[in-house]
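After this come two complexes, each holding chain A, first together with chain B and then together with chain C.
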Partner chain A sequence: MSNKFSRRDFLKLAGVGAATTAILTGCGPASRYVKREPYMLMPEYTYNGQSTYYATTCRECAAGCGLIVRTSQGRAIKTEGNANNPLNLGKTCARGQATLQGLYNPDRVTDPAKAGASITWDAATQAVVDALKNHKPDEIAFLMGTTSDHLFDLVTDLAAATGINAPVRFGALSMFESRATLSTAAENLFGQRGLPFFDVGGAQVVFSFGANFLETWLSPVSYTRGFAGLREAQTKMRGTFVQFESRMSATGGKADEWMPIRPGTEAMVVLAIGKLVAEKRGGTMPHAFIEVDPANVAAKSGIKLETLEQLAEKFASSAGALAIPGGAALGQSNGLTVAEAVLALNALVDNFGKPGGVYFSALAPNQTEYQRAASVQEMQGFIQKMAEGKFKVLFIHGVNPVFELPASLGFKEALSGVGQVISFATFPDETAQEADYVLPDHHSLESWGYQRVVTGSAQPVLSGSQPVVSPFYNTRATADVLIAAAQLAGGKFAQALPFTDEVEFLQSKVAPLMNSADGFFSAADINTFMAYFQQYGGWWKTLDGRAVPVAANLLNHSLSGAEAEFAGEGEFFFVPFVSPTLAEAGANKPWLQELPDPTTTVMWNTWVEINPETAHELGLEDDDVVKIISEAGELEVPVYRYPAIRPDTIAMPFGQGHTAYSRYADNRGVNPADLLGQYFNEAGDLAFAGMKVKIEKTGKKQPLSRMESIMGVYGVGLGEEH
Partner chain B sequence: MIKRLFDWLKQPLGLIAVGITFLALFSLAAYGISLTQKPPEQPLQFPHRTHVAFGIQCLYCHPGASKGPAAGIPSQAKCWGCHNQIQKTQTSELLKPLKDAVLSGTPLEWVPVAQVPDFVQFNHRAHVAAGQNCENCHGDMTKVTIAENPQVMNMGWCLDCHKTIAGEDHEKLVKLVDCGTCHY
Partner chain C sequence: MIRPEEIKMSAEETGKWGMVIDQDICTGCQACVAACAMENNISFVGEVDAGYGRSMHWIRIERFWEGAYPEVKMTPNQPMLCQQCGHATCEPVCPAFATVHSQAEQLNLQVYNRCVGTRYCANNCPYQVRAFNWRDYQRPEPLSNQLNPDVTVRRMGVMEKCTFCIQRIHKAQDKAKSEGREVVDGEFTTACAQACPANAIVFGRVDDPESLVSQVARAHGHGVKHLEELGTLPNVTYFKGG
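Then we have the complex of A and B:
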């Protein structure tokens, strides 16, 4: 036996120790301790351990994608796309996936309230009754969002029968999409109202002038599928995609060629390409393109003449060329001209009504004419009336105008001119905070309804909603509140809405489709029809419902190639863009906050994109806080040095900067809409990309959280402590 | 220091001390294991035999057995559907937990009796569809108050039955004893 602790002794002791530890910590199954709670009341169709799936419709934006929601034990646990729905064919975007986090958001409005104090639903309904009965019809106004089409129909019916103001719809997405510009351009050139549909999937060469169709534009899931079709190379040649924009969007990042044209020169670039294409195709030069001088355009836009010629060659020689207008290109003083020029470019290659070309979007099944949300100029008129005290009662549903509209329009201030503001907000957003009454609507996953698919599907589609879970809180469907209030108010109100509840109203609206021969299902009675409607998540026609635009006189239309005008004194073009992950109402969902922005990887914050060269000249580093000053206001925001932006342009994402809207959203980042002035294009859409701004250093630093290295894209600062 | 400790441990008294320590640790461990195997108390002494005696079918309370993996515990609404109309429910001391739970809207916390580990994908439906009766596995419920397992539900027991049923049918045997049938 040596003096030392021998190896053998050590192993013995270690062995005993290990065995004792293993035994004492217990190898037995802990599951014996499991306790199981039964349901108080078992939901119908529920079996323990088995999921139940419901078809419904996504309301995160107005596109109307179908969802299949998986529920277990009465809780919604996963959303996926509805494979039956012709619009999204089983796919969703990130926002659709994150719908659940709206449902489970801990800061939802749980009870009806008056001035912040909870009231009963009886008192709340009585408040609506009083509001309807005690005012003249033209003193009552409804401001609604772009989702919940069934509720819009209900209010439209109510307004038509009682003489109250027809509901006005607005949404920040339609503002940034410049929907009014698109439809006005179509109306001017084709003599028909409607939203153009661009068949990206069937095209061979796509030129997009600012359209961010892979992010939030019009119907992103459908357009993304189209893009996959463009790129598909098994059965045809892989399609080419060229993006023209001053700041590279996530869509532009997918392009084969990215053309950083000078803001304001979009119209002339389109016309110059048109002229060069017309020259290559021969024949008489169309009137629209006669005046433009490509050499001059090349000098002004920053694209070389030879590049323009190459692009024109590519466009002219392809069998399936398509040009798309959108985004910042339309949000300028000459946005309508840009849209018309792009449609003219399509007319030149004669792609109307052909695969890979331009169509009119199919009208939804229970729709007779194209409807669009109000342009910002129309909203300006609405706000004017509010401020003048013409509205005594304002009902607000599904929209957050205090946040979504530029502050310079003065919506918040104008609210004080309205006697009574009744909000139906699900979340405690900025507008609900200003309201006298908040009568919370259910979350979309707890709601009935339908949404018309405005664009993105060849077939006319009506996407149906049904509750997938029982409401968690003391909320009530707004349609039910209005129906109940109308019944209590009696007279013409009761006659306008002769229903017992929302479901009966829905049935009355879809009943005309019941025996339609061109639907993918039909039924002899309404109950069977509704059962199918719920099971499949809506109703759609089997045939292509898109109309073909008539381009008779289009090319003789005279188009001006003048540069857009910019407001303000600053040296930088200011491009606000919709955050592809948050959009206008995603900031209250942690999944979306945590999802890195596709181009910068920044999360949980707002940043300003500045070209590294410009930043170097100004002595700015990443995370330096700068003050951005426009005519309308100023903001402080950290710098992100972004190589894919023109040196004379800066850009900011829209989506953050809430002062309310739940714990995940408030006091986070800034809202670039605060910098926007009241400038419009010819169609009344906001010229949101039509301002010039100044930058001032503040000397402060605010680190942005982002997924890529904090050292930035160049590795500057590698090895330093952070 | 350590050498002296070992030297002391090797003398008879030391060996006895080691033995006592080991026995103490072992019994402690055994007690610990027995604790993990002891189910907690049931919230009330549910008399299966009484319910079966009234002619209530198994599937009335456990309808999941013919529909999916879990047989399920009946909702309290289902219990109350009958018990609400039974006079004794209002007065019986034994039924007080049920009455309290239903009236206060709190769930009773039942302790599962028949269970298999998480890595076994057991499905009732296939067994009921194959014509097995509940009592084949769960025993005769006319005899017990709280359900009891007549056997240990381990893999040997499963396979024994699967093999017997397959008999000479080789194709059936392969399907019934394949690992992936239960572990996937």
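Then we have the complex of A and C:
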């Protein structure tokens, strides 16, 4: 892509509002904001029936896909993917499409409040000033979500200059993705930190061990494009995809072969396949694969030995074999071993740095080393400090830990050990309800910012955000609040954030990219650069930025093929999974609630998936409410008889069970995180799939709304006949 | 009854819009369903009405099960939407001429202000893709700010269905006309095809052999039309894959 663009491109992408004025005149801050005008007072650049398009970044998850938002007379009316952004190339997932339902949700926080009563922004800012000034630096903590990287950078700078605690990031998606496990495995095997990227699109044979890469995993839009490339049959042979998991996910539903292995045997299955592959390929047998006995693995995992051999043959003989670890396979006591074994399997077929192989994800343009959100074990330490009263002030932005963290970790209880909790929530969520102050941030479509693309794109990408509508309510950008408070606090705080507003801070952060020769555009001055940055929705390099891993420790690295350990007395393995349509923060959007789940077609609720045979033995029908009891808690949920789950396993989607998250989410379904105990894998990620649970009948019934029962004619549903 | 081979295109019938859907790469992610709802001002109906089968999806992803555990298999996801039949079964049963065939676009139109809500068309549709407004579904303020000004908002008692985003077709045609040219293939697409992360849906002129949709159809070579034996002449072609 060149740095020249035609007038047509310019108009198409410009967002003819703020961006154009900035380019033409280099105006000051006044021109930086988009106005939402009534019909009587239309801005001069709008015409009846003509839309204006703005490039921005999706913040429904941390992937950082680029969006083009169509606005009409100052109102945002449709989000589309940004075709220029190398990460998503014009595509979006369902959650990206539904962003507007968050913006226009009737239950947003409208004003800053103290203990539920509205206050002015002056008073709110003063509260932040007092919180910063009246406490020792190590008594002040920030807990942040995985989106809004610019705000994270701002707080990081503030912390570095003033000595307050460095911000900690957390998100339920990163918990279920086991990001710490992936990067630790890479470090152990390759001697280098970073997040592996799996090039599904270039592969011929893909073995996925639990990875739900077509749903919410890491960067779903990019991985879905990869999957389409795998299946592309016109220019090459159609690729094969095998999924190993105890419960068929929406991703597993697309597999050519689905292997329902016994939970806990993932590591030994990978090692057994590795041994068979190594035998077939010849050469030195890596240390990790020597001890495993495939016949024993076959007996324990439930896959026949001959099937294992066939799979190994398929993997060994393919020119483009790729193995991916993820999902429940990593959320077990030996999750790190599984991840390392899978990376070793890739090393065995020598696919590193080749199309269809494993890479290190490209670091984003303004990033020097890989950063990740806190693992749950790290959060446990953070909560401990909260409970012990080490923090006098806690700022929370972009995350809802009371809902997202397992209740057994005691985040809610630990909040009482913190003197003052200041939340920047846009919704009156469970965490905001516990806060002393709620100082609402803008919705992402009303916000400035940038998001680093951590994985999914070959090119290093910094996705840029700009407001596409003016703020609906009396909200204020958190960056602006912090900058204003730091200025008022004076001293080292004022020196740490010497900016007039968020946009000036943003400019200071992207300015180093301005003259970079390897970018797809450059500019001589910052106003022009920012105008391009807004028009294109970010900045990216033109060349592949992925690093090639070297399996430095492969041959001598030993791995245990022992079974994972499970906590609890129950007879069923418990597999919580992230709802593919709702994810961690989608429950407040009515249209996401009404999207049928891809596997069960259930809408608007939570269910528990039980194998039909097991349900029959227990005397359970669809919609029977059962009580699920784990060590950590219990909850009641209706049954969905799911034909593609092991008889010894039950599964529940994560995403519902809110008590405070707008009218569309409240008191709807249950939260499976309430059942999870404090068990971790070797990398400190939560062993969310490492528990066994009991089921009790309750005798109650609760009908689930499902799409599938209306198919066929006059209500003779296909679901009923099975 | 007219047999499919007896139906001939008249001279003014140019501009046959159609779609191909590759079920082998559809992941069932629901992005198209969400995109369609956002573009076309489709109401959400809530849990209870959705449970009664009254949800208003214009496109849905069907998946069926084959076999039993452990040899169970999910059939390739099947996005099902109005097939824009060339010989539609919904059309002749409408007493109000609300569901009529458009000569210009060769689509099945739904004229909301003619519809009197007999629901005969939905009864007669073999694809079960029509949605009826059983109530005036509410969009509490400020959710209504999201409404697309190019698409009529429907009220209680009216039938609705996929339009192939006819508002986008017309916008592109108007623009091309004002610039004195033909609509270029790929200049616009439907909301579902635009969102689809796997590019499983391709939309365009099926009467133009050079259009992308025609090329994809040719390259695949083994497209299937649903319930073709009924003589409905669907404009959507599926690749089963797998």
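Just so we're on the same page, the second predicted complex is superposed on the first by the 666 of 722 C-alpha atoms of A that agree within 3 Å, B and C clash if a C-alpha of one lies under 4 Å from a C-alpha of the other, contacts with A are read in each partner's own complex, and residues count from 1 in each chain.
What we mean here is this: a contact is a pair of C-beta atoms (placed from the backbone, for glycine too) under 8 Å apart; a residue touches a chain by one contact, two chains touch by 3 or more.
Everything quoted here is computed from the prediction, not taken from an experiment.
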Q. Is A:Gln50 in contact with chain B, with chain C, with both, or with neither (first, second, both, neither)?
A. first
Q: Give one of first, second, both or neither to describe whether A:Lys78 is in contact with chain B, with chain C, with both, or with none.
A: second
Q | Residue contacts with chain A in the superposition, chain B compared against chain C | A | C
Q. Touching A:Thr581 in the superposition: chain B (first), chain C (second), both, neither?
A. second
Q: Could you look at A:Ala117 and tell me whether it touches chain B, chain C, both or neither (first, second, both, neither)?
A: neither
Q. Once the complexes are superposed, what residues of chain A are shared between the chain B interface and the chain C interface?
A. 49
Q: Within their complex, state which residues of chain A touch chain C.
A: 49, 72, 75-81, 88, 90-98, 100-101, 103-106, 214-215, 220-221, 224-225, 227-228, 231-234, 238, 248, 250-251, 253-254, 256, 258, 260, 472, 580-581, 590-596, 598-599, 601, 603-605, 611-613, 643-647, 663, 668, 703-707, 709-711, 713, 715, 718, 722
Q | Residue ranges of chain B touching chain A (in the complex, touch as defined) | A | 2-3, 6-7, 22, 25-26, 28-29, 32-33, 36-40, 63-64, 67-78, 102, 105, 107-112, 115, 117-118
Q: Note which residues of chain A are touching chain B in the complex, please.
A: 1-5, 9, 16, 20, 23-24, 26-42, 47-50
Q: Can you check the complex and tell me which residues of chain C touch chain A?
A: 24-25, 27-31, 33-35, 37-39, 44-48, 50-51, 53, 55, 57, 60-65, 68-70, 72-74, 77, 128, 140-149, 191, 194-200, 219-220, 241-242
